[in-house]
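Okay, structure first, notes after.
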Amino acid sequence: MNFIRTFLAGLLVVLAAAMATPAPVSAGELEDRVKALDAKNFAGKGKAIEALEALADPAALPVLRAMQEGLLFREKATKRIVIGVKAARSFEIFDALSGEALGVVKKRKLKKISVNNRLRGRLRLAIGALALTSGDAAARSSAAKALVKDADPTILPALDRALAREQEVEVAAVMGVARAAIQAKGGEKSARLAAISALEGVLDREVMVVLGTLSQAANEPDAEIRALATETLAATEASGRYYGMLETLFFGVSLGSVLLLAAIGLAITFGVMGVINMAHGEMIMLGAYTTYVIQQVFPGAIEYSLAIAVPVAFLVSGAVGVVLERSVIRFLYGRPLETLLATFGISLVLQQAVRSIFSPLNRSVITPDWMSGALEVNAALSLTYNRLTIIIFTFVLLLMIAALLRYSSFGLRMRAVTQNRAMASAMGIRTNWVDALTFGFGSGIAGIAGVALSQLTNVGPNLGQQYIVDSFMVVVFGGVGNIWGTTLGAMTLGIANKVMEPWSGAVLGKILILVFIILFIQKRPSGMFALKGRAAEN
Amino acid sequence: ADTIKVGVLHSLSGTMAISETTLKDTVLMLVEEQNKKGGVLGKKLEAVVVDPASDWPLFAEKARELLEVHKVDVVFGNWTSVSRKSVLPVIEELNGLLFYPVQYEGEESSKNVFYTGAAPNQQAIPAVDYLMDQGIQRWVLAGTDYVYPRTTNKILESYLKTKGVAAEDIMINYTPFGHSDWQTIVSDIKSFGAAGKKTAVVSTINGDANVPFYKELGNQGIKAEDIPVVAFSVGEEELSGIDTAPLVGHLAAWNYFMSADAEVNEDFIAKWHAFIKDEKRVTNDPMEAHYIGFNMWVKAVEKSGTTDVDTVRSAMYGITYPNLTGGVAVMNTNHHLTKPVLIGEIQSDGQFETVWQTPGGVIGDAWTDFLPDSARIVADWTAPITCGNFNIDTGKCSGQNY
Amino acid sequence: MIDPSETPSGKLVPGKSILVLDNVSVSFDGFKALNALSFVVMSGEMRAVIGPNGAGKTTMMDVITGKTRPDQGKVIFRDYHDLTRLDEPRIANLGIGRKFQKPTVFEALTVLDNLWMALKANRRIRAMFTFTLSSANRARIEEVLEVTGLTALRDDLAGGLSHGQKQWLEIGMLLVQDPDLLLVDEPVAGMTDAETEATATLLRTIAKSHSVVVVEHDMEFVRALDVPVTVLHEGSVLADGSLDTVQRNEAVIEVYLGR
Amino acid sequence: MSATNISLRLLGNDTGARVFLAAIIALTVLVPILNVAVPPDSPFHVPTYAVSLFGKYLCFALLALSVDLIWGFCGILSLGHGAFFAIGGYAIGMYMMREIGPRGVYGHPELPDFMVFLNWTELPWFWLGFDMFWFAAAMVVVAPGLLAFVFGWLAFRSRVSGVYFSIISQAMTYALMLAFFRNDMGFGGNNGLTDFKDILGFNLQANATRITLFVFSGVALIGAFALCRFIVASKMGRVLIAIRDAEARARFVGYRTDMYKLFVFSVSAVLAGIAGALYVPQVGIINPGEFSPLKSIEIVVWVALGGRGTLYGAVLGAISVNALKSYFTALAPEIWLFLLGGLFVLVTVALPRGLVGLRGQLARRRANSGALKPKLAERDPAS
Amino acid sequence: MLTVENVDLYYGASQAVRDVGFSAKTGEVTCILGRNGVGKTSILRAVMGIERIERGRVVLDGDDITRRPTYDRARAGIAYVPQGRDIFARLTVEENLQTGFDTLKRGDRAVPEQLFEYFPVLRDMRARRGGDLSGGQQQQLAIARALVTRPKVLLLDEPTEGIQPSIIKLIQRVIETLREKGDMAVVLVEQYFDFAHALADRIVVMDRGAVILEGARDELDEADVRRHLTI
């Protein structure tokens, strides 16, 4: 009985809303209100946005969007409101409403209609309301999502209208949640109870906030609603915790793969060849700079820049590695400790070279669109694309390296040469080639790591130094000369760090990890994957 | 001597080269400009550049070298507080003159140093005021674990509490230098900010850690409209190394933005571009600080007719010079400047759009009023006090080395 | 730390065992290098151990000197010390010296310093600063240099010695160390026939006042030693007795001597 | 390679060491005289600037010496020796902070300034006693020594060696750096301890104090050199080399190698601590930057450049690298890293025995005489 | 055929080999004998190119290979069984054998099954790390590894060291077989006189770095040779 009444009431609301759709407004009205956006102060602009929204005319959508993105201008000469699209030092402008192209003008000719954060929020609301009727499902969905966040009852009629019209099940579901969140806040008690129940298991933080507010006596006088809200919230939070753990794991693995990526080249130059390679970080740095250069050279191909950069960085760092090996390192085999001194010198030179060529400032490397944003598993767990990409990339790289070392004849030669150079030579292995290629290979891999790291951190002359200490730590922790050890070492450190961080804080967490490494090595004096038996001695 | 020597003590290598090299170039440019105008007191200026290599004790050694070996008349230099602390005894002992151009934690006023960067009350407090005005109720104070963030956050925490912010609405987080994995912290900020109240992050994160921090913010989808971040150490130069597209709307508080709409500023930028031969280079707040400091020094030297440190120092008090943002800066007797405070939002082109500005200048306060012990101390280098840390309770100066 | 002087010692106690291996097993990743090996060396006895490559002879010495920990079994030295619980320096200080199969000397030290290092003396840190060479020790070193034919090379770095010279140097080190029990792994590999004979004579002299275990593949040499022989095979004792009996043993011929 | 040097020295004709000792003694005596007694306008006058600069070099030299003792003779490559240096420095720094007393900026009778403005109300326990010089002086020796002892005991007992040891020593100094960076630790955070006024009542900025400190540094270096020589010339020295070369073999001869390593490691840490304690009053600051792993690597680089395993080579390396650094950073601030880095590379490739090998190398151009050619089997990369 | 002419070799200032010359003919076993430290190993290392020689020539089948790097000599057909084995400790037995493949044409890259018949223990231990083997097993592996390259000249430095009697007999037979095949020159350095004497076609006796006696085995007086080895 009760249910039917609610249903009917709902239907009525929807119908009423549908009928209330305003008639198209006159073009003049729209234009005036758009002009008003160019108010003197932010308060005036806010009013203008509200006025524009009130017209509920989809034609205003591009204007508002442009305003939010800072692309709305007043052409100084004509006082026209235009949308500008940046085109090399000048702007291509379009009429704000008609979209008519008005040519290309210099930046000086335009005055930007500036916004601040508060206005941006207001704009998002307005865009949301307008976008609910947009033709694009994704836009509707994200508009509805935004509504959950800003949950404002004034939007309810528009939302209902949209819900009624919605064909896509998923979008409708999001709209339903938004509607429930809004309804839960006030109105008829039975409708509120139903709305609260409907929110169970919705992991969206905003929804939980709504529930949280409702479960507090200070905010909600009605005990029954409070009880239900508390209960719903508890159930939702429980599943949230599970996803929280998954998130921590993801963070750990992703930190682990960054460590691994940074260390893996070193696992070859240091782990396999025994060169205490202080210039390893600089090889990473070269890779990162290569990415930068590629983006500068092909500004139109940002989306592919990383794909181009990976092989190029491999070649650049690899070539530098080969040159270093042939000119310096090769004189030092049999004197492994001296490699520390020489490579330290090399690292200073490379750093300064980069400083001289690219300036000491950090360089900006752009993240391609496909790597930005996050994969929303659900509201409680979203995995950022750049991290996902790096995890996958790292593992592919790892498998390739492992396969090369283990199964290719190059890997065999490499291991033979580094274990006993003279004897390898006596077996007919071209030791000088193998040495150069091995060092070049390790350096090249470091270069590839640099491409990936350029997506996470500064690209500057100090990039290498940031990673060198950690890299050595990882290689040694895992057990020198063992790629799988390095992998497991990196993952262990990554996950341990992330598990620890929430309760110890980042600083103490890092200290604890270091202490852990020290103590661990006491237990296993040759790292995690130590070689045992006689073979280890010679 | 037939030239007047200007020491430049900025790291050109090591971790700080990123920031300090620009300042070295700025001083060189200012010297060149001045020489074009005929120098000072009819003598040419000669810049003496050394590289303290981001090594703090080396700063002291180089400062001594500048003063004792090269006999410079003034030094422009330092970025980090610790490097300043390191040269301080040397400068004081040899009665040199140092212009320090970077925003810092305060709690210092040396006879021989002029602080042309912002004190906490010229950056942090106005920024928080602005955000409160924007309706922010919950605060994340995120910083690198060292003195400047610690002090600033301490000041802010007590300031926020006096403004009625509850303890549970403040989250404080410290990270090590060069922290690069921000996943957990950004995710924490996200949850902290999802509690219904409008939240902002006040960032005193230093140096290289900023880039990964902002990248993570962008990737986890935290937009400035949701949780704005206001930073005190991120300027145009830092932004030039970041893809700013995802950062639009985040804030910074400085005394200068490159985008400032003023004739002098455009002039300055044009000269900078000409000097550095790169149209893409940006200008930033510490550069303005050197610009002001340098010109004030020139004015003071001309006024006193000598480069003698004590004379020039007395001449400095009350000297004014136009800011690049319009208005004038004044050198106060506590060795700090009066300057306007600007709040800007990051734009997609890596520039800041000023969204708020103090109506007039703010007097730099060497000793903050928001910490009990330092509230009792004032700095005034003119009679009758004549010291950098006068305790108003005991009526005595303490901690002077001379 | 056990001071050797505090424990039952005394060089030769005829009729008593000096070393007992009791049911010792060692395995590496499932491969049994020693398989319930039991073996006794009497005080003052010299014993030759032979056996095919990989029989476990070197592993046995590793177990005695503390390099390898057995999976099971005990190694009792002088009825008192369970060697499986002690580390290498302690075992060495109890009076067990070893020559390795592959000659290992201190390559960065001179021949003389190598002998110095090995010389029987207090091994404590404090003693290092007060150490001076007594004339008896000096004479002993000279004598050993003579015996090993290294007199002319005394000031050469050990790293520059030829293979055979290193072999001799290591024997010399064992001599100056003067342990109660000597474990000698393939002492005559790489020596000429004449040297082999000399070594046999040397060992026989030593054995008059020491207990010795010798591992060799050179049957002439073993014959020259003229001592009881133990044959190891696959980690346990295959046969023992005099060389002649052993050489006639079919199993030994089959796995070791060949036809 | 260094072994030849050692044998030579044992034979008693180590001219290098003799020349070196004479030079250091001369420096220790002459510099103060030339500073005080020679009028400033004389070309022979040594300015105060140079006195404190040389004083700093001497401290670095002592530090390098301590590293050479363990690395050159015992093969222990410590990439964390800066930690002991810094701890010695902190110990004396704490004393000097306490000595400021009520003369701090906030005028607190007891607490150092940084504690006052971080709202500490009382002195943490580990600052107690540092108002007494003898206690601080004792801590200069005890604190680094104890840390080295505990760390070494853990490491050597479980036979951590080679690169594994190097890296955990690096982890140690890195962890200490992070810890000392924390303001909560009570050591002044990243600014460290500064603003010292005097030591034992003598004004730090007075010329006499400065010269005294310089002389003390010189004397400490000479004393430490004598001590190290005594150690390596005794039978101990040979055991250490034996351990460096073939640790396992040394154990089979009956040497408890872990104890030996622990001994030299602790001695070396104490020397490093003393170096730090002499360094801090001369440069006027101690901060966690001294713990940075890169600094520790630099120390090793000095030793390698000078020539490992000769003691005086380490001193030579430390002094020359730092002198070059002082010189280049002023002369060629933009490109000095090219010069220094290039020098490192050049020395390693051209002078396998470091700067001290130069003489010998010139004398015997023919083949690398006396040098052991690596045999077929190469050494373990860690040794 | 391998010819060594007038070789001088120094370690630092001290001369280890003086004006040494000999030749090893295909299908013959050339034995180098001498007491400890007379330079036998040094001359083999010089032939292999591991040690630099001061003077003299090494000629293989008419080609002067004195200036060629070691691996080129290996590719030209010289194989070396070093004293002290020099097994690749961390490679498995199988991999140790495969290191010889670089001297072979792609199609020939296989380990001859015959080797496992000579040294059955290697078959059992194929997957074990070389460094874990016992001394004698390593020695067998070193010989097998050299044979993988199917050399024209085989340099053996005390190959019987540490090997059990039955296998020594076997090695003796193997060398005889190789000689009989007639496509290989064998240079054998040996202390074990009976073994050497039984195999040798030619004998070279060295003392203090120089050759003091050289000739076909049958021409030389055995007692004379022995005398040179004893003093």
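First chain written, first letter: the chains are A, B, C, D and E, and each begins at residue 1.
Please note the rule applied: a residue touches a chain if its C-beta (ideal position, glycine included) is under 8 Å from a C-beta of that chain, and two chains touch if they have at least 3 such contacts.
None of the values given here were measured: they were computed from a predicted structure.
Asker: Along the shortest chain of touching chains, how many steps lie between chain B and chain C?
Answerer: 2
Asker: By that same contact rule, can you tell me which chains touch chain A and chain B alike?
Answerer: Both chain A and chain B are touched by D, going by the contact rule given at the top.
Asker: Hey, which chain is the most central one here, using CA centres?
Answerer: Per-chain C-alpha centroids compared to the overall one single out D.
Asker: Measuring centre to centre with C-alpha atoms, which chain is farthest from chain A?
Answerer: C
Asker: In terms of C-beta pairs in contact, which of A-D and C-D ranks higher?
Answerer: A-D
Asker: Could you give the separation in Å between the centres of chain A and chain C, each centre being the mean of its C-alpha atoms?
Answerer: That pair's centroid distance is 65 Å.
Asker: Just curious, how far off is chain E from chain C if you go by their C-alpha centres, in Å?
Answerer: 30
Asker: Would you kindly tell me how far, in whole Å, the mean C-alpha position of chain E lies from that of chain D?
Answerer: The separation of the two C-alpha centroids amounts to 51 Å.
Asker: Find every residue in chain A that makes contact with two or more other chains and list them.
Answerer: 351-352, 420, 422-423, 465, 507, 510, 533, 537-538
Asker: Where in chain E do residues touch two or more other chains at once?
Answerer: In chain E, 11, 50, 82, 84, 86, 132 touch at least two other chains.
Asker: Name the residues of chain B that each touch 2 or more other chains.
Answerer: 12-13, 145, 174, 176 - these are the residues of chain B that touch more than one other chain.
Asker: What does chain C use to touch chain E in their complex?
Answerer: 28, 31, 51-55, 57-59, 101-102, 149, 160-165, 167-168, 186, 189-195, 217-219, 255-259
Asker: Looking at the complex, which residues from chain D come into contact with chain B?
Answerer: Residues in contact with chain B: 47-49, 52-53, 56, 102-108, 113-114, 116-119, 178, 181-183, 189-192, 194-197, 204-205, 283-285, 287, 289, 325-326, 329-330, 333-334, 336-337.
Asker: Across the complex, what residues on chain D touch chain A?
Answerer: Going by the criterion above, the answer is residues 77, 151, 154-155, 158-161, 163-164, 167-168, 170-172, 174-175, 178-179, 181-182, 248, 293-294, 297, 300-301, 304-305, 308, 334-335, 337-338, 340-345, 347-349, 352, 374, 376-379, 381-383.
Asker: Which positions of chain A touch chain B when the two form their complex?
Answerer: 42, 69-70, 112, 114, 116-118, 120-121, 124, 149, 205-206, 208-209, 212-213, 247-248, 251, 254-255, 258, 351-352, 355, 359-367, 372-374, 382, 384-387, 455-462, 465-466, 497-498, 501-502, 505-507, 510
Asker: Would you mind writing out the residues of chain C in touch with chain D in their complex?
Answerer: That would be residues 1, 65, 67, 87-90, 92-93, 97-98, 100, 104-110, 113, 116-118, 123, 125, 128-129, 131, 155, 157, 159-160, 173, 177 of chain C.
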